[in-house]
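We call the chains A, B, C, D, E and F, going by the order they appear; numbering starts again at 1 in every chain.
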């Protein structure tokens, strides 16, 4: 079920149906940020949305929340179109999502993430949320999980097999390909120079732009194609379904 | 242009092209909250997205940001599927959007809002943002505008003409109809009892549920149809285009 | 009773007397901000104080808190003497007032407001406060109400009748007149130019000053007189008493 | 000048007149909290207001802000009528007052305090405000001063002379007497038992109430009289005028 | 016991042993800030650490937490090596220490402080912490105490006897001597000019540096010696042991 | 130089001496948290302190700040003696350290970390700090680096060679051994059961205690010895010196 295209009685009934996945919700989460000369600004939230929606459509038993489309992208702010939360804002926002979803009875909340730059802040947020319970010596009534879509079992190895060189870390051919498969009329081209972008540390936005003039890090997105994107999606979708099922079925000690 | 389906060089070029709308951005903003027995949980963010995307597609000169899909819906939290920010979180999130967009050179930021419950907090946020400049005796380098889609010139009167009774304040036939026009395969039905929902004050979530057991306030959404939704959209789209153009063209005193 | 001129045993006894208004408290709330060439900087907190104190004196059954004399006036900061809270500060302050008063057993808290610019932030604060309860699925043990003094039944229509033109939105002859009635030795005069001030949007402080050079918006305060102020007060006082009684007597559903 | 009974052009002119006190503002600050069986809940904000207003009236050269009437009184919350800010809220509120007043050109801000429980938080706030400048290696453009009214030169010794025993620390005969002088129709009486209240540490509200059942600490307020209050006021007023003049005239090193 | 050199089962056993001091913990707290031409930057956290560790070693029954080594030192920031928290950060940090320690069952938390500039913020923090309980009408399950090491019974008088002139307020010969006794290989010398430093108010960092060019306030640290430091330590250690025992044994009213 | 055992003129002189490391500071950072039945509660802050102080002593050119001894350890709060910051508090505290150190002219700040649970929050903090600059389109005047001591070149491989099995993730024999080398009189023993602790996800404190009853994760600390700790320290110290030198010498693009 896509929450945003459902009515509240539909969600309510599903929460109460007792099925294995009925109290587990998947939140596609990403970022709206530059992805090099050709990548869509929405790449990082579109990818998890594409995979989660396809998983929901095919099988029907996943409950998928609206897409959390802004993340921690301060280092990309020197490129037009990037929208970023400060980590502290991001933490507050995730916390309120969790408070809302858990209040309805979702006790397993699975964030399918599309942006590496989100990971530290999401993990810090989980700790902030859990700390509320830890300080008062109570057990959290819900469990949180973060999974990057490329870390779904089998996906990373497939991406590396399709793109043995020039995969890189930002504006990768994998993510570009996934969006090409889903938005074929939005494919853009450019002469990349150099073909494979440089690598280096990530700091503030102007430092980033000085190091990575066109926005890419270590990648050669020219290798992307809709067909390759389709292959990645088709690997990711069943992997997501299994991963969520495992999470939903995980037995908690002492509960 | 839809920012999320554009590349950064495309947005960058547009920002610099000198056109009348080139430094104005439209942000569809809403809420993910219950909309009665049949309304989609995403209604309040889908409506401004539908209108803004159609305005962008038809004319092409609007720059439209990703949809800000969570708002202030604490009073709806007793109905499954609602996701709400606390006002303070909502304020921080809007502030970071504005900081991001204005940093790129957007100096007119237009929020097309789909949720009445957002209005107070958005206005408070505008004041919080402006206050930063007011305290240091500088002029804000950008101008913010909030417009509810139903307050676009001509829209409210059309809605009242189509639905002379039972329009109400929440889960209105207008907004339901707009989503029906855009998502005809997601139309849901129910036996509404009473046909027109009660009215009353809005306080906390349990008080809300006690007053408005199925979630509606004052409305009879059974009157909605995709055709009526299409009429509303067709009135709203040109009104939005004109309203944004007026905003973009507004001369600021003393600048 | 005026809380600040009472002892704690007096308030304690009153809270426990079981009378219809015994657990309802009126908080005059306003702002300290410029009111044009002649208006008192305290106008917006003096007006609700004047009305609430007169209501308390005449009838004796109202419990009136000290006046909350600073509000959200960032847009007036380019005029000397204005003191403003940021919205976030204002929210924290109101929240602590509510926490304090409700802790004593006041379960109906009525804010009599004197500043239009406060409305959005006060409403956002109410939502912030209620959200604490909504997220944990409990009912708020108190009810909050915001009433602008000019929206007390009958007051606005009287003001419009007395001042059919040039009432405006800021430094209105109504509010000036109310303070003239209460502080006749503080009446000031000026040559207003233009007689009726311009209107326009409200943004940051320097934009405000550029649009509204002497501080007024749409008003002609030269029409004010102590006598007119007295008429307004005499309409507002009984309207306040009735409005508070209605609020105190309101039956909550499901409680 | 009382800011709240002045117009903005009057304050503006005064700020620019170049007089020795023209850029110095006095802020009466206190608390609304229980003051034993007979003390007014407003005692702590009324006392500095009474003294500051009398100083302003007599001499005319002081600029006096509205009274900051809520402070840090968490320990008094078990007594009805007390309204308290959390220290963090109090800090934010004071900060915004300072930001507002300094923005207009007041570069010496003098807080005349009426509540011992405010002292730590006000001093912490001063440090918080100064820290903004200290971290960026700039000099603060304003100077802040805290003065308890009883610490005005000569006042404490007078109070001790008038009340050689049973002065105590809370609900002191001095402060009660000052309010009796100003509000003779609000004098209340009680049988104090014991005559002189106990002393002890101050912690949370219930601990406070267990230690100090009627709210007093170490005091015998039965000794208060309007005449004694008048003597105290008459000592405090000229001391305040001199103290403010000294502050206004203080030469800052290296400026 | 030094917590940081113990294992958790050791602390756990001690907490449960029922001894008079078993649920009381001593937290040495100070600041890392300039101490004049010769004082160690760590002076203010080293002094309470030295005294607390010696008390722990000699008697063994004290439970001593790690040293809280950064405090409120914004006014010293114009001198290299100073590290300061803003008061708001300091408050959050202390709060989390208290939440952590009290969660384990420590119900008496004793802060042995080495920096006068910390006092206001620590007291404000105690009020912030207690306020959480006061607002909800519950009794705090722990008691907090602040003691400056020089205010331990007998210490101040000893310091004044050893240093009848030039003791001053910052970079005092007492505190320098204590660190000399503990770190004799880190003794530094300088030609102090003037011998006794000036005094004055404390504001922002640049104002501080303008008033107190070498960092000292009112002191002549040339008088310090390791032997004098040893005498002070030997007075402070038993005084601390007694003071903590008194605190641990204090009977709370109504509990 | 150890900052806390230096005077401000010493640090000042060093900052200005122009040497390659003169504007680089090393901050040992860790956590005070349970480390299984035998590990010291201070392990995670003692390890980086031991290594950094030994590096400073041997070579003399490192500038080492006081140890930041509390980190993000919410998951360990069910074990006595653990002290944890919430992530948000930790972020504020690190930010103030950076603001203080950078203000003095340290433009390279190197955090030598001893706690894996700190990593996400420290990285989120770096992003929060950089974001301040990124939003205003300025370059951060300092560079931040996080290095876990076990990730110093060569250290991890040495640890794995010494402890080919039972190294685990928490209360590892490596960290226990390092503290044993430095505090041989504080070595504790226990019968570990099982010998190698279980592994699993980290969530709230009670979940943690249910999964990891004695606190260890995946480790067999019985293998630790002071000699092995010495070997690790002797590998880490030169690796730290080189790593800091590389960081100090790193050329920034476009500066």
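We take it that a contact is a pair of C-beta atoms (placed from the backbone, for glycine too) under 8 Å apart; a residue touches a chain by one contact, two chains touch by 3 or more.
Just so you know, these numbers come straight off a predicted model, no measurement behind them.
If you take chain A and chain B together, the chains in touch with both are C, F. Between the two copies, chain D and chain F, the Cα superposition rotates by 120°, quoted to the nearest 5.
Centre to centre, using the average C-alpha position, chain E and chain F are separated by 25 Å.
As a whole-number value, the distance joining the C-alpha centres of chain A and chain C reads 47 Å. Note: centroid distance chain C to chain F, computed from Cα atoms, is 54 Å. The distance from the centre of chain D to the centre of chain E, with each centre set as the mean of the Cα atoms, comes to 30 Å. Each of the following residues of chain A touches two or more other chains: 77, 84, 86, 88, 100, 103, 135, 137. Interface note: chains touch in the pairs A-B, A-C, A-E, A-F, B-C, B-D, B-F, C-D, C-E, D-E, D-F, E-F.
For chain F in complex with chain A, the residues that touch the partner chain are 72, 74-75, 77-78, 84, 86-88, 91, 117, 119-121, 123-128, 130-131, 133-135, 137-140, 143-144, 203-207, 210-211, 252-255.
For chain C in complex with chain D, the residues that touch the partner chain are 3-12, 15, 32, 34-42, 45-46, 65-67, 69-70, 77, 79-86, 88-89, 92-93, 95-97, 100-101, 103-105, 183, 186, 188, 190, 215. Interface of chain E with chain A (complex): residues 99-100, 103.
Interface residues of chain D facing chain F in the complex, by the touch rule stated above, are 135-137.
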